[in-house]
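Here chain A shows up in two complexes: once beside chain B, once beside chain C.
Presenting the complex of A and B:
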């Protein structure tokens, strides 16, 4: 199926974003349990940093695939590669903040 | 306890799956934003389908829903209302031979008409009533003329293509031809702002993607030839006070596949209709007007007029670059004495970006575009980047097309010629607001390092190049998708 059908559809597009909202809620509820079980205590600013990092990953994936969707495949892959690497490094740093002794 | 653990485990797993799926969703949403034709500015998606078309497949039927009740026959032309009435009018106004009148009745009509009215008793009488009503309608029009001035002008504009060549070419000096068909009205605009808002609204309904207004500077008017008069040195007519500037893009997918799959005429034909209709509309609301449209029906230089009208800035390649359409911007204008409020020019940093970018110069197969760091040529009193017109035209004659119908690579490779999706919209909004210029530098670095450009010679046919296009051609323009070749 051509995925653009979803994003050019006046019915499927809003449904897609509703499902995405649901997935986000699941992600954060699940993450709460994972962190608790790992013995990581979360404060508001840790949650904020984590959410920002995840938003960054989200935007970079969306950005790379936007370029690929525009037939700029090389640009999309470079975008994912360069900024994805940056996000992995930032993610490692975030993990050190969340679990200093881990 | 067990159920609580199960719930916890379930939510942990669901969280992981939700996170993974949401990232996959981000990829899908990004891909959709990139691929969607909805994000092309100024080109309807009718040609591309999408959910505007009802899915007929579940409802395909073996038989149509109309009902056959006898032996079918072809339609006599006289059964068409307008052809029938046309025949009657011709007989009623005959210049040679006797004229037909209603008193003579159907029996005096020639064969097909007589037969029709015999079979439709009462139809002739009805037409007589319609004609009387029509006379009343025209007599009553002055009573409603002001109330429906705009609706009438709008209809006349759309109907104007019906009369011969369109738009009607100027005949005689502008003081005559630009006033041809003008409506005499005593209505006064509420304000120049009302006038400009009205003109912009109307022009958008005619199909314009962008509309701007400027006061027409004398130096942008050409000299030596005047449509309707011929070769002549002329003073700029006093009624060429303002220019309504119209911009539309080329169809995007074919534009990216220049030089061989794109064309200039898609935008040219749209501009001809939009500016021609606007010319009629303005005259019908009481003001003079003259349309200027590509490829050659101009008395003004378009890019500087469009800059004055606030549509954009001139790029290194000499083409207007607008924030919405980038270099994929084609222009027409209507000059008028209608009292309208001009727009102001804009500075969104395009010219500064062109100082550094040079991608169009690097990709130009003809080498016609200047590589200079700053605009390097004085042309009729203004500084701009130099364009070698002859070199450019040589490439028009070199690429694999049937005749010299252009190249447009500089439009396709321009970093401003981008879709209207979230990603490029962020760039459009942030770049002009960054006083440091760092954002623009970062974007240009990415543009040059990440994006693939074939290289100037590659656009030419062998042996000099390989008939490359900037992006691949759309499926609907590939001959091999539809024919055995």
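Presenting the complex of A and C:
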């Protein structure tokens, strides 16, 4: 049996996204415990801001590497560099909101 | 102690003058390509034959002695020096091609001009249209260089045909100049304003205004390349860049009179950007034990690069600041990486670029050395009652 057939299976992509979804749930549950441990009290809007920031990071990583994958290396690096820097700045601002004395 | 600092200031100031003169002598000794060599580099003698009509115009043929045309040579005032342009036309004056023959512009500006297609856009235009008009739009982010190209074509045509150049348009005192004066005055007054709240309000107004107006909207700031160009003897066009004279002259005068570096503290748009970033986290002041020694490294690097740029007749070499990258998105990959590191560091350390890398800080430190000639500075360098040296007016 040719092993490459397994990688061409149409079931792999849905399985991949199901695993990714599971990892996301674990990540958010873990984040909840970590925030509690760090003494950071979270409200619904803080969770919302954190989730938005996290989604933004994901979109930028996905967008940048998609461009690189499509042989637009310069555009991809530019995208990652510019918007990645913006997300780092926003992340620092978010951290200040989450932990004002940190 | 006071005498020691005073003497050191005099030695440094005199040394800088001597070094700049020497660098200029080295620069003038460097062989520059003659006009003929520049033309032959673009139109090789093997493929073209040229017959000079006057100082600005040649009749040009290709090897088969057909397709005759004209070649015009002229110069316009650029960002760092004169921009030499060769214009190839047919016999009716329609432009066949524009070539940059010589320039000392910052490479990223030239890249921007080439990528914008400015040189190829001229292909459909008659050279006569350049006489008293501007048939090409300036390239955003390289306005001065693109204007210099248009003016070079215009002057080559007017001079070659014996036509009068456009009359001197006079010095324009516009909004930019007014704002530069107001910003400098506000920055200088900060030290004398006592109510803390008012001082804070003015500081934040300056931060926002310099960042938006001077930085993002007009990209008007002091760079080492401009200072290298000026020290090489190239004076920017006062009719178009009066603000630069006000910015540089005002900063130097304020240092010489009040011994305060108002530009770096209150005017520099990149300093304002770092100040804003410092408020995000908020950042802390970082002054390691080796800070004062590092200052000498920072300032020496600025001086070394400045002298190299002057000696090489190429002010563009002095571009290692990240201002252009931040405000115009132009520059090399290395500069983009330096900017990234600077921005991230600014979240944790107050003004890391100003304190550890900025060449302009070095330039003004050397200007501060010239205050050592005044008696007031001599007094101010004395030991304070608590045993420490007053550093306000001393070089370091």
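The working rule: the second predicted complex is superposed on the first by the 93 of 102 C-alpha atoms of A that agree within 3 Å, B and C clash if a C-alpha of one lies under 4 Å from a C-alpha of the other, contacts with A are read in each partner's own complex, and residues count from 1 in each chain.
Everything that follows uses one rule, which is that contacts are C-beta pairs under 8 Å (C-beta built on N, C-alpha and C of every residue); 3 or more make two chains touch, one makes a residue touch a chain.
Since we're looking at a predicted model, the values are computed, not measured.
Of the two partner chains, neither chain B nor chain C is touched by A:99. Once chain A of one complex is fitted onto chain A of the other, the partner contacts of A:16 are limited to chain B, with no touch recorded for chain C. Contact with chain B, but none with chain C, is seen for A:71 once the two complexes are overlaid on the shared chain. More chain A residues lie in contact with B than with the other chain of the pair chain B and chain C.
Legend: residue contacts after superposition of the two complexes on their common chain; A:88 is shown touching chain C, with no touch to chain B.
In the superposition on chain A, no chain A position is in contact with chain B in one complex as well as with chain C in the other. Within the complex, the chain A residues that touch chain C are 81, 85, 88-89, 92-93, 95-96. For chain A in complex with chain B, the touching residues are 3-12, 16, 19-20, 22-34, 37, 54, 57-59, 61-72, 74-76, 78-79, 82.
Residue ranges of chain C in contact with chain A, taken from their complex: 277, 280-282, 336, 340, 343-344, 347. Residue ranges on chain B touching chain A, taken from their complex, read 8, 11-19, 21-23, 25-38, 45, 49-51, 256, 419, 421-423, 446, 449-452, 471-472.
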